[in-house]
Structures are given as C-alpha cells and as structure tokens.
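One chain, subunit A, links the two complexes that follow: it is found with subunit B in the first and with subunit C in the second.
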Partner chain A sequence: MERVFAAISGDFETYGAVEKEGEVLFDRVHSLAEVSENRSRYAPKEFLIRRNENVLYLEEQQRKAVFGIKSCDLKGFYLMDRQILNRDPFYTERRNKTLFVNYVCNTPCEGGFCSSFGGPVLDEFDIQVLREGNDYHIMASDKYDKYFNGCRNDDGSYFTDFKRKFNTEMPPLKVDGLESRIKWNSPIWKEFASRCISCGACNYSCPTCYCFDLYDDGDERKREWDSCVLSGFTSSSAGNIRNGLDERLRQRFYHKFVYFKKSKDEFLCTGCNRCVEDCPVGIDIKEVITHDYSNE
Partner chain B sequence: MVTVSRRIDEAPEIYTLELGAKNEGKSGQFYMLSVQGVGEAPISVASGFGRNLIFTIRSIGSVTSRAMGEGRIGVRGPYGSKWPWKEYNEIVAVAGGIGIPPIRSLIEEMIDAKREGDIELMYGARSPSDIVYKKEINEWMKSVDVHLTVDRGDDRWNGKVGFVPTLLKDSHFSRKAAMFVIGPPLMMKNTVKEAVSLGYREDRIFISLERRMECGIGVCGHCNVGHRYACEDGPIFNYSEVMTEPELFL
Partner chain C sequence: MSVLTVCPYCGTGCQIVVNEQGTEERVTGYSRSPVNAGKLCIKGYSGLSYNFSRDRLKHPMIKRDGEFVRASWKEALDETADRLLEIIKQYGPDSIAFQASAKCTNEENYLMQKIARVVGTNNVDHCARSCHSPTALGLITTLGAGAATGSIESLSASRTYFVIGSNTTEQHPIIGTKLVTERKKGKNLVVADPRRTQLAELATIHLQFNPGTDVALLDSIMYVILEEHLEDEKFISDRTEGFPEFRKAIDKHSPEITEGITGIKPEELRRAARLIARDRPTSILYAMGITQHIHGTENVMSVSNLALLTGNIGVRGSGIFPLRGQNNVQGSSDMGVLSEWYPGYVPVDSPRVERFEKLWNKRLPRNKGLALSEMFDAAAEGRVKAIYVMGENPLVTEASVSDVETAIHNLELFVVQDIFMTLTAGEADIVLPASTSLEKEGTFTNTERRIQKVNAVYPSPGEAKPDWWILNEIGKRISGIQGYESPREIFEEIRQAIPGYAGATYENIYPTGKQWPINAENPEGTEILHTKTFPLGRAKFVPVVYAPPAESVDEKYDMIMTTGRNYFHYHSGTMSRRTDILERESPEPYVEINAVDARRLGIRNSQTVTVESRHGTIRTKARITEKVPPGIVFVPFHYDESRVNRLVGKQVDKLSKIPEFKVVAVRVFA
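On to the complex of A and B.
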C-alpha cells in the first residue's frame, strides 16, 4: 500500500488525517504511515467548501489526495454532489480534483449510526480501505484502479462479510419511510427549541450541510458557512418565513429526512453523530428518527 | 458591471432603473443586482425579453436603499422560472403593490408578440400615489383590459376602492383562463382563495414566491419551499404543485 501511496503522490498533493497535540486533523502527509486510523475532530468539509472565501475569483485548484477520511464524512460529499455538483463552481472545481481514500471503521464508534444509512462500507468511493493492522483490504473505482497495477484482488466479498458483522454490532435504526412518518406539528420541535441556543454547531459539524451566506466585505464578495437554525437565515423584505426557533429546527430535520429524500431519493444524513457530539444542549438527531409520531 | 442610464421615481420608496444593456431574461425571471461593498439582492426583471433591461425596486434593504441609480451596478442572471404565457389563450394577471414589475415584463412580451388581447391586468396598490407605472398603464389601456383598485382612495381618485381579490369577478375571460398572481403574501393567499372559489383551476394558477435568495443557482440553501428551491424551481410555481406546502405564504 505504501507503493500505491507513492504512485498517487506522483499525481496529487497528499493529505491525511494526522494526530497532533491530542487531536486528529488533516494536514500534508508524505507517507501512509503518518495517516491516523482515528476520525478527525471535524468533518473535513473544507477540502471542498471553505469556511470563508472570496467568490469573485475562482483559482485553478491543485489535485489533492486525501487519505484517512472516514466513510461517514466522505458520504457527506456524495450526498452534497446530488444538489451542488456542477452548480456550485467552487465545489465542483475542487471535487473534480480531489481523490478521497476513505477508511472504513473496523468497529462501531460510540453514538454513531452510519449503518442506518448504508455505512460504513460505501457504495460510491474513489479508493475504499478496510485496514486491519498491516493488512489492507481495498476497493478502487475504475478511475483509480491504475494505481494498483495487479497487486489488488479483493472482489468485494470481504467487505460484504464485514458489513454483515458490523451491522450486528451497530443495528441500523428504522429509517425506511421516515419521510412520511415524521410530523410537521410534532411537539418534538418545540421541545428541541426549548433547549437549543442557536449556536449553529450542528450545521458546522455536519458533513452534509452545504448552505452558505453571501456578503460583501470591502472589495471582496464572500461566502461563508451558514446555519439554518440562525434567525436571519430566511429573513427577507417580505418578512421571515421561519420566525420561531422550533420552525428553524424543524427545517433542519425536514431538509435531512423529507425534502432531500423527495428531491434526491436520499436522506441527507450519514449517521456520523457529529451534530450530537457538538451540541451543547444534547439535541440528538437519532430522536427524530426513532420518535413515535403515530399519535401526534 | 452595467451602467445605469436612467432613474425614475415611481412612487414613495419605489424607483425604476433603466440599464445600458438588453434584457436576456423572460418575464417572471430575476437578476441578482449588486452594489460593491454593500451586497446583492434578487430583483425581478421589469422589461420584456430583448428590450432594455429595466428594474423597479422598493427601497427596503441595505442594497436597495443605498447607492442604487448612481453610476454602475453589478448584474448577474437571469435566473429562475418564467410566466408560462405562451401555453395559454387567456391570462388574468393579478398584481399587488410592488408585485407589478414582472407583470409589466409579461405585458411587454405579449405586446411584442401581438397578443395583448389575451391578457387582462388586475392591479391594486395601497393608495393612488402608490400606483407604479402610471404612464405605462395609460398606454396599456389602449389595448389591454386593465382593472385597478386601491386600498384607500383620496380626493382625486374616482376608481375602485377595495382589496385586489375583489377585482377577479370583473374578468371578461372564461374560468378556464390561466391566472398569474404576484404580490405581498397575504394578497396572494386571498387572491388564490378567491380564484379557486370562483372556479379557476388550481393547475392553471401560477404564483411568484418571494424568499431570501443569495446565490440564485440552487446551492446556498436559503430559499427552499419544501423540497424545491425558489431560485431554481421558482420563483414562478404552478399553484397545484405547491399548494400543500405548509410554508407557502407567510
């Protein structure tokens, strides 16, 4: 696999998840040995959507290879693709020039529920790695098969067996039909609103949230990650369609479990649990999935 | 950046900008106008396709109330869906307040296509001085059936007084006519309700929805109407497709 890394680094700038001062973050790497198997503190959304950048110019991007992105975080990009690829020129330029080597978790993480959304073995990937010590099980998409040059012979059956075992350790939540089970007038939105402090951490930590704000800053026009739970998100000259915090929280979950499902036939959630981990008041997206709406 | 060639004060807080460029958008579509250092705002195009680019704007936000009309402004677009006037033989266009510009664009396109006999205009403003396009309306009256109303009259007003929905029953067209509705949320809500009760078909009613829009191309996520984005799937929607959306009107 180091040989594969060397071949890829001939064509791409190489980045990887690395351990630094007790945190895992993404940085330049020059060998596979540097890449951590642990999940990064933050979803590496910034490889494709910068937190803040000037949109008046789009510079040609370097080709980058990112090693060690976890499946839940990578899946976020595949979901975003369905709405913004080939629409958002900044995302598209970077997406087309970035190769992701995703690491499949060997065991469930605490609180995670990726198996509910088809993880941690993804159906779509560039190069997918299941690492067990020094053994690498690899699936490569046709586009990147060339880097393996006959040294790879996994037919995917290993992954199928692994997935079966993983699902017994992380039983999938019942998400089928959630888009029609969920209720607009459920008391759950007001209950969440009674605790929510509108900090936006759920949006910023989410590997699927793509919304951004545009504003002028002197000579620059900037885009910046935005949050649908902030009150200004929908204010316009006609008024604000979502004045209430309960309405804005409902929007967040409806986008994930109803609207995106209707328009793209996918749930806009990867089960990473990052929004739960970063929420200061303990709002748990899993409750939206498991809540009994039948009598509401 | 495009040069502003003329500025016209239409009514209190409402002005029209004529730009030194041609309109490449169809009626119902919008452009993002910007003032550098201030920001951008989505504004519907007020002129017909191929004519000079015209916008009529209400001073309300940081972009629309500052610096507009002086020198050059940023223009990108056109974006969004258009009034589907070519698909219908009879069109009742209903506008309230500052909803009139996209209807002006529509009327100009129908005049250019020599179809001005196929459209009726129902337009209401708060008071006679709030009526926009007084000069244009007088021109249109020569060939277009125009019905006006105001919420409150004044000493010189001898026309109708009442809200916009009260005009609908004055239409000379059949109930199979298409209806294009644009204006403040409450006006649209009541107009659509009245139209349906008069027997207009829900799938022939088209509404233009106003939402906070920032990108105009379906990526920034601000303007959703249920699972659709107003900037891309709208702003013109077939009413029957969105009527069950709980966040339809404010």
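On to the complex of A and C.
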C-alpha cells in the first residue's frame, strides 16, 4: 500500500483524512501513515463542489488524490455524477482530476445504514481499500490499475465475503419500493417541521446534496451551497411554491427517495447518517424509510 | 490548516472548526464542544462569508471637507489621539466617551475601559446597556452575581422549562433545540410570550400575555404558588431573606386581578404555576422580552423571586438563564465596559476600586459615568465633545435614532473603529479598519459564563488591524499606558483584575473552555453557581409591584409594537446582511401584523405600509401572520433602510437605563 501511495503521489497532490483538533478532517498528506482510518467529521464534498466560488472563470484544476474517504461519502459523488457530471463544468473538471481512495469500514458505525444502499463495499470506485490488521485488500478500477504493478490486486472475492458478514452486523433496512410506499400526506412531515430550525445541517452534511445558490458580489458571480429547507431556495417571483417548512422537508425526502429514484433508478442517499448526527433536533432520515405509511 | 474558534454571532458561543485547504474551506460544529456538540444553526453554517465581503474596510480614513480621505495608520492614530487630548485638555476627561462592543474580545473590552478610566472618565459603556444591564443589576441585587446560574448542558436535567421573553429557537438556536428535543421527550414547557413562537407552538402552556405586563404575570404565578402552598419552604428559610415583605407585595396579584392587565385567564395561569413549582427541577430562561422595558430590572428581580420561591437554584436542571445576546456580552460586561462598574462588577464608588488603582498605578474616577443611552443626550447638550466607538452601530440600534443623529452632529470628534462602513461609521471624522473575530486572537465568554479561546483563521484584509492593536496604539498615545505585545498579555492582566478569571489561562481553557469562576477552589471552573451559598450569603427576595409600561395605546396609536431580531439576521445586519444565504432569506424590512388587524386596516400581504409612533415614522412591508395576536405588531431592527428605532422613544429603566424597545404605541396604515 505504501508503494501505491508513493506511485500515486508522483502524479497527484495527495490529501487524506487526518486527525486534528480531536476531529478527523481533510488536509494535505505526504505519507500513508498520516491518513486516519477513522471516519471523517464530514463528507469531503468540497473537493468537488466548493462551498463558495466564482463561476465566471473555470480554472484548470490540480490533479488530487484523496485517501481515507469512507465509502458512504464517496458513493455520494457517484450519485451526483448521474445528475451533474458533464453538466456542471466545475464539478466535471474536478471530478475528472480527482482520484479517491476509499477506505471500507471494518465494522458498522453507530447509526449508519450504508448496507441499505449497497455499502460499504462499493460497486463503483477508483481504488477501494479494506484493511484487516496489516493486510490491505485492494480493488482498483481499470483507470488506476497501473498503480498496482507488482502489487497484489484483490479479485474481489474477499470483498464479497466481507460484505455478507457486514450485512449480518448491519442488517439493511427495507428500502425496496420506498418510492411508492412513502406518503405525501403523512403526518411525519408536520412533526419534523415542528422541530426543525432550518439550520441547513442536513444539506451541508449530506454527501449527495449538490444544490447551490447563485448571486452577484461586485463584479463576480458566485455560487454557494444552498439548503432546500430554506424558504428562499428556488424562490420565484411569487415566493417559494413550498410555503410551509413541512412541505420543504417533504421535498427533501421526496427528492432523495422518490424523484431521483424514478429518474435515475437510485436513491439519493448513501446511509452515512451524517444528517442525523448533525441535526440539532434529532430528525432521523431512517424514520422516513422505516415509517409505517400504510394507514395514512 | 484547521482552526478551532467560536462562532461570532449569538451568546450561545458554539465552537466551530474551520478547515482550510488552499481555497477550499469547510465549517463544522466542534463535536467535542459541551456547548453545541457539533451542531450549528444557519448563521454558523452560512453566516461567515461577510468576512470576505468586498465592503470590508481596508485602510484608515479621515474626513476632510466632508469626504473620507485615505490615511496611513500613523496619521489616523496621531490625529485621533491629538484631538482627544486637546478635548480632554480643554473640557476635562468627562467630555469624552467610549463605546465598547460585545462583539469584541474580553481583551479588547478590558483594554478600552482601562484606557477610559486611566484617562479619567467612567464614560465607557456598550450594547449590554440595551440588552442585559437589568440582568446584571437585578441579579447582583438579589443573588450577588449577574449571570446564568447553570450550564447549557445542565438544561438536560430539567423537568420543566419556563421560557419568558425569549424566542429561543431563533435567537439562541442551539439552546432552543435543546428545549425542543427535551420537550419532545415529554418534559414540560411553559412559554410566556406575546408572540406565537416556535417554542410557544410546542409548549405545554403558552401564556400569550400583553407586552410589558411581565411583573403582573410573574407576581400572579407566585401568588398561585403561595396560595396552593407549592413554595419550597426549606429553601426559603435556609437560603433567603426578605420573604415576609415579598409575600405582602404578592398578595395584591391574584390571577383574577391581573387577568385584566396580562390578558391571561386565571385557570391557565394556575396550571402554569403548578407546573413550574411542582415538576422540578425547573429552569427559567429569559432574554430581551424581560429586560428591554422601563421595568427591566424589576422584571429580572421578579424572575429571581420566582426561582427563589420554588427553590429552583443551585441544583443541576434548575436555575436562571438570562440568554445573552451577543457572542461576548457576558465577557464584555465582566470586563467592566459599563459606566457604573469596574471589571468584575466592582461599583465605581466602592472602596474596592483601589484594587485597580494599584494594578494600573493611577488615581481612578469614582463617579458614575454616562450610560450608552445617556451619552448621546450628553453630546446633544454639549457636555460630551468626543465619542469613540468600537464595533457598534448606534445609528441603527439605539432607541430614538433621530436624536442620536443630532447628537453626533454636535460632537467635535467622532471616531469609529469597525469592519464595515456602517451607517454610524459614515458619520465619523475618523474611521479605523478592524479585523473580524475570525482574524484575531482572544477570548469570548458565552451565556453560560464559559470563557472560550478565539483563534485567527484568516489574515486581515488590507491594513485592517485587530481592535486590541488599535486600542493599544490609542492608549499609548492618550493614557500613557505602556502597551501590550499580545492579547495574551492583556488576558494575564485580566486574571489579576477579576477574581473569577484568575484560574483561566490560554492553555487551560483550550479546547472546550471553562465556566467562571475559575480559581484555586474550582480550577476546572464552576458549572452550577450558588449550590451552597450565594455571593450575598443569603439571596434576597425583592418585592416588586406591577406598574404599566411607559407607552400605552390611545385612540390614535391603537396598537403595541415590539421589536427584536429574526433568525437570519443579527442586530444592525452589518455581518449577516453581507452573507448571501442569510440576506436572501430575509432581504427586506417588514412588520408582522395579525390577519384580523390587516383586514380591519385594509392591508394586503407584502403591501408597503406606514408604521407611526409618537416619535417617528417608517415605511415597511406588511407580513400577515398568526405569530402576533391582534393589536400587536412586530418589527425587526436589522434594517438600516427602514430603522425601527426611529419609532422607539427614549424612556429608560430608572435603575439600569435600558430603553423600552419592547413596548411602543403605534398606528399602522396603508
């Protein structure tokens, strides 16, 4: 694995999850040993969609390799790809020049439910790493196979077995058919709204949320991460068509579990549980999945 | 690079981690923080981009012939100092006045009051005057310490919450979410507020009482508690004094009598009283709804009476929580940027001032200085010739702003140190560009007395300098103080000046802060105050009798207006209105009006209307809502294009000098 790191760092600027201030954050790394295997504090979306940027220029991007991103966070980019790759030039430029080395979690994290959405072993990846003690099991996509000259590249059977075992430890939630089970008039939307303070944490923490606001600042035109729970989001001259907070929260979940599923055949959720962890009032996306809508 | 620091907005003091890699940055809540446990509100997530606004002040400016001209630091500092010295020489030290800022660090506030006092004046005050001066005065009178008695974390141990005059989910959102979450677990929540806030919606009981009738409401709650023998007799006899006199005063306030004042049905009030007294521990949270009245101090003492009567103090889950507005208003008050107190709430006329005379090696003034609300009057009368403002925007935030305007024009020298060209800075003779709290080092003390380290994340733009640096340069020139090398050096002096801060160091408060008092007995700080005894020994019941607010409705001005903040903006909006998402969410001034009133007055939603008081007029858009009841309108004070403080009169609380921002008689017409 060290050799892989060395080979990659010849072609890319290397970044990784590192422990700082008692949190796991992302920063430049110069050796594999610096990379933390712990789950990062946040999904590192900013590698591909910046929090705030000028959209009047598209600068050529550095080639970057990001080590230690967890599978749930990486999967977010594969879901975003279906909507914005080759449409959003900023995302596309960075996406094409960024290599992600995702670390598969050995054990389920508290609250996470990635197994419900095909994790933690991903079907799509650049380089996927599963560490068992001192053994690294590695899978590489064709594009990055060249970094494995002389290294053993796992044929995937280890991963299949691991996945089976992981699923017994984190039993997948029943997500099949959620898009038709979920109810527009369910009382849960109003109940969520009674608690929600519109902080935007669910959007900012979500590895799959990509919406932004566009605004002018002097002679620059900028975009900034946005939140669909805010009333100014997608506002028209007549205001937001989803006037109530309950309607906006419902929109968020319908986008994830109904609209995206119907248009792209995927749920727009990776089971990372980050929106739950960062929500100050305990709104739990798992409740949207497991709620019994049958009598509503 | 990653930096752990404190959110610059409200008094909750959420810790944030800013992680920067080149041009990419990420702001998250600090997950180990006992304050916010990793959570943030929209201002934390989306409110920091003002820092990079193109409007930032980047170099000093001096007004020449009515126009600002760029100046070097040396020119600006020398001219400021020379003119201040000239005025002092001619008219004496009380002819100058300083306005500090609860947005600035402890070190900066300490330094400003030291300069003022060493120069020879107690004319140093700040925006705490307009928010929690009644708390400091009221609770020092009744308990001996004017601060929250518990921690934010300890609120989880409460069984009942009594929230009066605080729209917590909007103004202290992370504390608000604690109440929301606990309420959903089944805890009791009593909310007393004229507006139907989010917490009111969730409350077990919402007492939607008339603005300005707090004492009547609180007294009748206590009447019921006494009538039904729900008081904590043991606590009263062991820990308090003044109960008999207090009891006599309460006897006049049966709920049947106060109903006509507060508008609250006796049965509802009785239910609330029972919850507060019976299902203990109860914590009482309040904010500007209690303090911004001409009876603000009495309101606070009334809250204190309630806590004492029910024995809800000194135990985890109980206590009084004055929710401090600004990020550092607890700290700035502790530092003594208040005209009647030296650092650590030492009264200016107390023999204990000697302590500072020794520390600063100077005879110090012992007369009360001018309060914020009095400085501009004094300027209008010509008694004050120069005002030096650090990071405040009184032309938007003071009561009766048109009088403030007149007063400023009457000054010989007006100096403003700020991060933006505010409405106030625009009137200055000299403008000094300051760094934001994301660009400097120091400490903030949050609403639960937690001293937290503030660290620089970004470099300052242009020639902007930290406030402490600017003050230090001015101080050296006008007060002869020898000057400081760093905020740390100032903090070391604060530790000597204020006993509660004695045990804190930059190292030991990192990373998660400590709650004062921090001293030899409590090296880790003090989570719960008054567990065994009060600073006064015994706490005092102070009898408080209801008297009406300064303004009441009549035939012409037939509605009551209250003012306040909304969720997305902060005070005069200099920061929040320069961040994209916050400004988009609340881009223009408005008046909240009930549908019944709107129909009666023929006002449609979003129609521009006139709101007129006995003091002034503004034009603003109507927002028809059920949040305010008929007869009451609400206007936020963030918007300099339509300043609601034109409508607020100059009546102040006799004791604390806070203006009555919460009760203004108005009429509204299309």
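The rule we apply is simple: the second predicted complex is superposed on the first by the 292 of 296 C-alpha atoms of A that agree within 3 Å, B and C clash if a C-alpha of one lies under 4 Å from a C-alpha of the other, contacts with A are read in each partner's own complex, and residues count from 1 in each chain.
Criterion: a contact is a pair of C-beta atoms (placed from the backbone, for glycine too) under 8 Å apart; a residue touches a chain by one contact, two chains touch by 3 or more.
Keep in mind that what you see is a predicted model, and the values were worked out from it rather than measured.
Chemist: Is A:D226 in contact with subunit B, with subunit C, with both, or with neither (first, second, both, neither)?
Modeler: So A:D226 meets both subunit B and subunit C here.
Chemist: Contacts for A:W184 in the overlay, against subunit B (first) and subunit C (second): which applies, first, second, both or neither?
Modeler: A:W184 sits against subunit B, while subunit C stays out of touch.
Chemist: Between subunit B (first) and subunit C (second), which, if any, makes contact with A:A238: first, second, both or neither?
Modeler: Touch status of A:A238: first partner only.
Chemist: Look at A:A33 in the shared chain and tell me whether it touches subunit B only, subunit C only, both, or neither; answer first, second, both or neither.
Modeler: neither
Chemist: Would you sort A:G218 into first (subunit B), second (subunit C), both or neither based on which partner it touches?
Modeler: Both partners, subunit B and subunit C.
Chemist: Touch test for A:A201: subunit B only (first), subunit C only (second), both, or neither?
Modeler: So A:A201 only meets subunit C here.
Chemist: Do subunit B and subunit C land on any of the same subunit A residues, and which?
Modeler: In subunit A, positions 213, 215, 218, 226, 235 sit in both the subunit B and subunit C interfaces.
Chemist: Which subunit B residues qualify as touching subunit A in the complex?
Modeler: It is residues 34, 36-40, 58, 60-61, 64, 184-185, 210-212, 214-215, 217-222, 224, 226-228, 246-247, 250 of subunit B that touch subunit A.
Chemist: Quick one: in the complex, what on subunit A touches subunit C?
Modeler: For subunit A paired with subunit C, touching residues are 15, 20-23, 25-28, 41-42, 44, 46-47, 50-52, 194-195, 197-201, 204, 213, 215, 217-218, 222, 224-227, 230-232, 235, 277-282.
Chemist: Across the complex, what residues on subunit A touch subunit B?
Modeler: Against subunit B, subunit A makes touches at 83-84, 87-88, 91, 184, 210-216, 218-219, 221, 223, 226, 228, 233-242, 251, 255, 258-260, 262-263.
Chemist: For the complex, which residues does subunit C have touching subunit A?
Modeler: Interface residues on the subunit C side: 1-2, 4, 17, 19, 21, 23-32, 38-42, 44-46, 49, 53-54, 169-170, 173-174, 176-177, 180-181, 184, 198, 201-202, 511, 567, 580-581, 584-585.
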